[in-house]
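Paired with subunit B in one complex and with subunit C in the other, subunit A is shared by the two complexes that follow.
Take a look at the complex of A and B:
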């Protein structure tokens, strides 16, 4: 019964007791939804093994995952924080343009392919991380590399003959 | 014969009124969303992420790209309590 969403809640309860000292402290990630969505494929490229470990641990724990899998969770947080730190240090301008475009477009990736291609190029040159869509069929071009984006406002991605601004 | 423009004036008035109200509503939604376009088709994941944004920045559409969360963030996720139904 505790797993349903609250209905008509009128009060909130804030529990400010911190975690016990036996748990090592890791600062939570401070990025909000649009920068996280923008960096998500790069986090996946670098942190894939840690994320898979955490997901397997939670699946095997049968409900006790929040308590039993804290070690894997700390690894996930530290790895994602390292990716975000590297992106902030190296590619901040392209990163900001991309997530500001996403935030203006309902956080849908297909409207913002042009800033995304600039960001992918910068991250690949400086950090060596490449965006791959897991589970995409091998014999077609991936969706983020196609010339024509069917549903977007802008109707097409970067064409090679266009001068880049 | 010229175009009978007096007959087209009512259409111009209707278009103008619809356009004005549409632009006004769009401007109001723009201001309500912190200078951005409104979000639509939000599902539970998006609601959860927007709640996290509100906890992080104070605004529902606020965004930051810092690496570390501000100090009170781990503890400000509230329990939503309901009154008992007897």
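Take a look at the complex of A and C:
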């Protein structure tokens, strides 16, 4: 069929041409998966409207979203960066403990309820962002607030005898 | 010669039934115990399933919250490469050529390999 031989190479090919100056610069997030997972619900709490806006724009753009929705995309990135920045400034210790716990536990949230609750509390007190899982049944305790996690190999997320700080 | 006759009072009854003591409890007790164990087990399984559903929901939403951000970053990078490609093409070919008969953004299948490898 094809007469042209495919050419493979083993080097990493980088195109380092920057975006033109007409596009405003935005600093990329640069966080790895565990901190992002740890901060995801706070990003969702603050940046929900921006996120929805961006996804809507992409849907309405009919395949041209990559170029047409760059403005919305920058807003999304800036908002997420602001959340991470605020968490880093106000709750660095709790944040670190939680995402390191996630790193050590296969990034499964239910093994790390205790650091998570400390982080949630700190973020709620200082930034006013609350973790909420949309669509969860209303007559039950949300899964991240339960005292006992059935699938956790850590004894319990929050021990009864311990004062909940 | 005297004839063989049954003993006085007749023969003793022949034991044809097995005479083994029945071990353990009555079968109905075992049935009931199994019922209790099964009910408890299924109850715990149900609890676990419900919790698993909630955990799945949590995981799903944590990703939903992150997707726009990751997508935005990816798109910016793609557009940057796309524009760089177009500029390179214009420089080499003298005109902007359209490969596809549509305005849509097409994720590139091929990438050009530069003659000299860029160091990061």
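One rule holds for everything that comes next: the second predicted complex is superposed on the first by the 147 of 165 C-alpha atoms of A that agree within 3 Å, B and C clash if a C-alpha of one lies under 4 Å from a C-alpha of the other, contacts with A are read in each partner's own complex, and residues count from 1 in each chain.
Convention: a residue touches a chain if its C-beta (ideal position, glycine included) is under 8 Å from a C-beta of that chain, and two chains touch if they have at least 3 such contacts.
This one's a predicted model, so the numbers in the text were calculated from it and none came from an experiment.
Visitor: For A:54, is the partner it touches subunit B (first), subunit C (second), both, or none of the two (neither)?
Guide: second
Visitor: With both complexes superposed on chain A, which partner does A:29 reach: first (subunit B), second (subunit C), both or neither?
Guide: The answer is both, since A:29 touches subunit B and subunit C.
Visitor: For A:144, select first, second, both or neither according to whether it touches subunit B, subunit C, the two together, or no partner.
Guide: second
Visitor: On the A-aligned overlay, A:71 touches which partner chain: subunit B = first, subunit C = second, or both, or neither?
Guide: Neither partner.
Visitor: Which of the two partners, first being subunit B and second being subunit C, lies in contact with A:109: first, second, both, or neither?
Guide: second
Visitor: Output check: A:85 vs subunit B and subunit C. Expected answer is one of first, second, both, neither. What do you get?
Guide: First partner only.
Visitor: On the A-aligned overlay, A:153 touches which partner chain: subunit B = first, subunit C = second, or both, or neither?
Guide: neither
Visitor: With both complexes superposed on chain A, which partner does A:13 reach: first (subunit B), second (subunit C), both or neither?
Guide: A:13 contacts both subunit B and subunit C.
Visitor: Which of the two, subunit B or subunit C, is in touch with more residues of subunit A?
Guide: C
Visitor: Common interface residues of subunit A with subunit B and subunit C?
Guide: The answer is residues 7, 9, 11, 13-16, 18-19, 28-29 of subunit A.
Visitor: Looking at the complex, which residues from subunit A come into contact with subunit B?
Guide: Going by the criterion above, the answer is residues 6-16, 18-19, 27-35, 81, 84-85, 88, 95-96, 99, 103-107.
Visitor: Give the list of subunit A residues in touch with subunit C in this complex.
Guide: Counting only subunit A, the residues touching subunit C are 7, 9, 11, 13-20, 26, 28-29, 36-37, 40-41, 43-44, 47-48, 50-51, 54-55, 58, 62-67, 69-70, 72-74, 76-77, 80, 109-110, 133-137, 140, 142-144, 146, 149-151.
Visitor: Report the residues of subunit B in contact with subunit A in the complex, numbered from low to high.
Guide: It is residues 36-37, 39-41, 46, 49-50, 52-53, 56-57, 61-70, 73-76, 78-83 of subunit B that touch subunit A.
Visitor: Any idea which subunit C residues touch subunit A in the complex?
Guide: For subunit C paired with subunit A, touching residues are 47-48, 51-52, 54-55, 57-59, 61-69, 71-73, 75-76, 78-85, 87, 102-105, 111, 113-114, 117-118, 120.
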